[in-house]
Amino acid sequence: MNADFSPEDTAFRDEVRDFLQNEFPAEYRGKVDAGIRLSKDEIVHWQKILYEKGWAAPNWPVEHGGTGWSPTRKHIFAMEMGLIGAPEPVAFGMKMVAPVLMAYGSEEQRQRFLPDILQSNVWWCQGYSEPNSGSDLASLKTSAVRDGDHYVVNGAKTWNTYGQYADWIFCLVRTDTTVKKQEGISFLLIDMHSPGVSHKPIVLLDGHSEVNEIFFDEVRVPAENLIGEENKGWTYAKVLLTHERTNIALVPRSTRRLRALRRAAASLDDGQGGSMLEEPVFSHRLAELEIELKALEYAELRTLASLSVGKSPGPESSILKIVGTELAQRIDEMFLELGAYHSLPYLPEQFDEGFQGATLEPGGLAGQGLAYLNDRKLSIFGGSNEIQRNIICKAVLGL
Amino acid sequence: MDFSYSEEQQMLKESVGKFVRQQYDFDTRNRIAASETGYSEENWKLFAELGWLTVPFAEEDGGFGDSAVDLMVMMEEFGKAMLLEPFLPSVVLAGRLLAALGDARQKEELLPALMTGNLQLACAWAESGSRYNLANVRLSARGEGGNVILSGAKVNVLNGPNADKLLVTARESGAVTGREGLGMFLVDRDAPGVDVRAYANMDACRAARISFNEVSVPESARLGKPGGAYEALERVFDHATAAVCAQAVGALDALLQKTVEYSKTRKQFGVHIGSFQALQHRMADMFIECQLARSITVMAAMQLDSEAPWQTRSAAVSAAKSRLGRAIRKVGQEAVQIHGGIGMTDELDVSHLFRQVTGLELLFGDADYHTARFTRLQNAG
Amino acid sequence: MNADFSPEDTAFRDEVRDFLQNEFPAEYRGKVDAGIRLSKDEIVHWQKILYEKGWAAPNWPVEHGGTGWSPTRKHIFAMEMGLIGAPEPVAFGMKMVAPVLMAYGSEEQRQRFLPDILQSNVWWCQGYSEPNSGSDLASLKTSAVRDGDHYVVNGAKTWNTYGQYADWIFCLVRTDTTVKKQEGISFLLIDMHSPGVSHKPIVLLDGHSEVNEIFFDEVRVPAENLIGEENKGWTYAKVLLTHERTNIALVPRSTRRLRALRRAAASLDDGQGGSMLEEPVFSHRLAELEIELKALEYAELRTLASLSVGKSPGPESSILKIVGTELAQRIDEMFLELGAYHSLPYLPEQFDEGFQGATLEPGGLAGQGLAYLNDRKLSIFGGSNEIQRNIICKAVLGL
Amino acid sequence: MDFSYSEEQQMLKESVGKFVRQQYDFDTRNRIAASETGYSEENWKLFAELGWLTVPFAEEDGGFGDSAVDLMVMMEEFGKAMLLEPFLPSVVLAGRLLAALGDARQKEELLPALMTGNLQLACAWAESGSRYNLANVRLSARGEGGNVILSGAKVNVLNGPNADKLLVTARESGAVTGREGLGMFLVDRDAPGVDVRAYANMDACRAARISFNEVSVPESARLGKPGGAYEALERVFDHATAAVCAQAVGALDALLQKTVEYSKTRKQFGVHIGSFQALQHRMADMFIECQLARSITVMAAMQLDSEAPWQTRSAAVSAAKSRLGRAIRKVGQEAVQIHGGIGMTDELDVSHLFRQVTGLELLFGDADYHTARFTRLQNAG
């Protein structure tokens, strides 16, 4: 065992850091620091910069344009990206549909879709959850009926993050209603511009609508858009759910936010004549979160290390998901408390592109009240933390 | 000791409860929230007619009796319905401050108008660096030719956008955090130099950030003695804090009830999610939190109405607000979590209740602030 | 609503306080303060003092020698007893078998048993749990077979608190094995001195054996010792389980312990030059417990008040049990932390009557490490807190 | 970065694991605990033969290499088995202190005897008012005619009853809590004026309260420079603290495993209690705690073996001990609770594991102490 980076990895970290300092646009960085959302164009622009550098897909194999990095380097890259606040590649294309294409897609499908994902020419979204399925994903009802060379799709999907931006959606659809619920599901790629596809934004706790409902009304999808075999979609989706959940622990993000929290606490009055960082109870809790982050970071590193020697991550990713999201939420709580009355204003629009007014909150607090609200999603979406605990019970404890 | 409601309290409870059940459903509330002023003028008139606006005032001021328990009974119902009308900031807070500090002339001029629904008030106490310390005031008041000139800025002025008059705390002398030297002034919301930036808070109630740029008011606008506003301020805030606890108790009960109901109808994996024991035990814990929250709020209200020394009463209020802070955190988060995604959406009342209680968690001081205040008050005793 | 005591109740409180100051033997008080267990003789002696005063049975009706006090007075009495550390009447006779006798016993049984309970002439223990029954009480197996005028009892009971002192035991026994498990249970009183009764102490976490296993080997019990009807015992036991659970919240005890904790913290070094009471994080947690105690106290008062207007306590007692025991355990944790290295010694014998050596711990800390260990029982015994949560789910939430 | 065990570490792990599985079952351990000395002399000789007693020493001192990761590997197995032999106090703590502070003569005289199992040491550092602050020492050392006179008392001297020699911290100059002026002396356990009160701790390991009544030792009994023992003391305690974390990790894993197993066999209401989802989720949380505890312990050991500045290494150790404190509280209490009554009894190993980890929770500093130390070290960096 050895905690030190090799000289080569240290040099790599410096290279990444320099690159980000120089190439992540200062304008974007300012927005991220101020809590303002980047537009689709800005995110795509940034991904193309990464693509030019050859870093668009850290986790892809080299033959598809990935980096071939070691787990340590992937960790370094994700951490440096997180620390500067640079957005990761949008996960739906890069981390979700791409691995499925690589594992189960035809050669033709790979050639058709992967390059556009790598170059961020096409924006994907995910069509798994449905209004009545919730954590019981396999109970989905959206149907795809074969009609000649096409499937005719009817139904609704929900919790589609960034569905409003997407060009394509990968969907789980029911192709056989006569068998066990897991056995009649297929994995289908659908062009969002097809006739019959529509979407409705869902306004969440923080007043924003980053998620959508997607409706399919007699949508005709070419049969060539089916991944692998009909009725095998659940298998593909499940593999995806336990694999490729890199950065599920949110370590880089939480690292950045804890540093920002400490900075903000040092600059804010405690109302009694000192700073909030000098307030002993607040500072004690802050330290507890910093310690939790260290435990989480090493849990993640240990998982990555075991991956690199060929083991499967399996239920370890459930631990990372639970602890990572709950830590992120506790950081939000500390920001909420730190803000005091500054956490109360509900002004979603001040974090949109183009907002002209001055923000209400002093430095470091902009949008933190809303972040607390919005991040309640972390323990619900992506496989609720209850489901993750069930996985641990079954897969690890044998209960 | 007596834990039963008086007949009048029972009637008040039924009257308020009936109003919110029959005339304040979720859709109605959403319409009111989206309106220009963010509250219903019609409802306000009704409250006046029903005598509700007199509840927090003493009989000699023309009020119903100024009992914290009466107020608790009302606020609990308001919390369940997420009432938007500015009862708390205009009547309980600013109104009682006026009653506590004003002289006979000031009270005669304003209190009847307030109680008949013809006057809206707001209290401007918090500043950017004050956190929850009422004494932490930088906004300055200096005398100039018989007038007083106010300079500085206030944040989170509840009901600020709709108030006719503002009650403003100002530093007349002493250190920034000194209790001595704190003055209170009545300022017209439209007076020259008063700059109001209006917005909505998490609970959809309207608030404002207000700058006072060399605002001149006559000496007659002063409430109470020069530099002597602190004590009354703290006591009025104790009452308002207990009222906030009661409001939260109502909202938490609603969150629990809606969560339990949802768990009995929502199916996952072929069964109602309410049949999962892990969720059941968490709902049992939510219930426990609600019961403890209610019990300690009852304690605070009963203590406020008792003959105990003020220090004991204030400690009881801080104990309640501290405990409520923890209950809110737990019950609110669990309600959203157990609902799952749907609990995150604007469509369902659960997300609005969650925002309301999150606001109440911070209002007048969070759990840590009141735990510290409780310790200070108790150790001084 | 009114928080103030009436002048009469205030006078009553002063009377109780004076009585306890004068009559609770100083020697006993010293032992309680030092964490030393009172002997059976001492407990009985104290109960006889209460009996002489007419205060032996605060919760009994007047006709059986009870006090007839209002809920407020019962609360005052329990609180004053707890504050001075005077032991309550041993519950098994006074609070458990006596109410069953009053409700379901024959007139003969009442006359035979109640006076000796009131005067503490006879010590009772409880025979409910069995080695394999745990929280599933109704699965009990101890059998009572009718043989002429007698029942012949065979089996084992466990977790008998103070079984080593007891003269009598009230037992749930199986009298019919052919019906639903709840329907074949009877409520039987057994003389502990009968041939065939034996007991084995169980050593618990703190090294003491306050609980026992009791064995019945062909024990012949006169049929007249059956309470009520055969096979109706479960009904009687259940009523007992939800009723008469006064002081289940441990408010007086926790009040006394929190005061002692604050005193001890003020007198102990924090190792950095101040006292532990000045240590901000410790003092903050202490305040949180004091606040929790206030919430609990008012929850109990509200429950008592609703009782006094004729309502049944029902699942409210489950709340009081859960919150009361968990608070008591959190107080133990604070003592454990306060003690630092002084919490480590494992010397059960130093709290026994007759221990000659000096205690190892400084003032206020004697036995606190052991108390932390022993009080883990609070959330397990008396209906585990999991069972209490089940009761809340069923009875209140309708789940 | 590398998270894999070296071949030697793998062998060490297997060797220790095999010993505890085959020769240290619960009954054997109970017999050893009840014996006069509270540990097995035979086992101690075996440890020496197997070379285990050399692990925490540098090669130049005749040791195995003094790697924190090696130590972690051993301590984890010891924790699972609740080992009673005084490896931690005699070797890891006192032995490493001797190696760090002793001069060539002192080391030659004592270290080989220690590593061959012929010498038992103990470190006497804690005092009644010191809590976890190593610098808080009142026991005084004053020179008198070329000798040093020690006066004062120590508590919680682990292995004190069985030690041949004691390493005693003493105040030579400076304030009670000063890091400067702290000396360290070797004292024979049987020296005149040394009064040992022996007892067992919660984990059944032997300890003592030791009074030093004008105990005279020669100057040659001094370890290190006059008043200059603190720095080495702190570093040795960092290593020992990381070892305690590893011991706790092993014990927590055992508690989890036994709880899960019990839940699969114990029936209530006709089904195994492991089928109750409320208990399942709590066991999942216990598993998470165990994994985090292990991860942060790995971090501390790796950092101790790294080239990082001492401040970083110490902060890593404090982070680990702080986190372990919370994990112990949770996993320990839940293990007992889920077992129910049987988990309270002396008959079952669960109660002994619970007592062991409760002791480890406090040893060398509890969660609050190490959280504060972590903050201090991090902010200084």
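For reference, chains read A, B, C and D in written order, and residue numbers begin at 1 within each chain.
Methods note: a residue touches a chain if its C-beta (ideal position, glycine included) is under 8 Å from a C-beta of that chain, and two chains touch if they have at least 3 such contacts.
The structure presented is a predicted model; accordingly, all values stated were derived computationally and were not measured.
Ranked by separation of Cα centres from chain C, the top chain is A. Contact count check for C-D and A-C (C-beta pairs in contact): higher for C-D. In terms of their C-alpha centroids, the spacing between chain C and chain D amounts to 38 Å. Remark: chain A and chain C have CA centroids separated by 53 Å (rounded to whole angstrom). Centroids of chain B and chain C (each the mean of its C-alpha atoms) stand 42 Å apart.
Shared interface positions of chain C, i.e. residues touching 2 or more other chains, are given as 281, 284, 386, 389. Shared contact sites, meaning residues of chain B that touch two or more other chains, fall at 276, 278, 280-281, 368, 372. Those residues of chain A whose C-beta lies close enough to touch chain B in the complex are 129, 134-136, 139, 158-159, 202-205, 207, 268-273, 281-282, 333, 336-337, 340-347, 360, 362, 369, 372-373, 376-377, 379-381, 384-386, 389. On the side of chain A, the complex with chain D involves touching residues 1-5, 9, 72, 283-284, 287-288, 290-292, 294-299, 301-302, 305-306, 309, 316, 319, 322-323, 386, 389-390, 392-393, 396-399. Contact residues on chain C toward chain A in their complex (touch as defined above): 280-281, 284. Residue ranges of chain D in contact with chain A, taken from their complex: 1-6, 9, 69, 260, 263-264, 274-275, 280-281, 283-285, 287-288, 291-293, 295-296, 298-299, 301-303, 305-308, 316, 319, 322-323, 368, 371-372, 374-375, 378.
Residues 276-278, 280-281 of chain B are the ones that touch chain D when the two sit in their complex.
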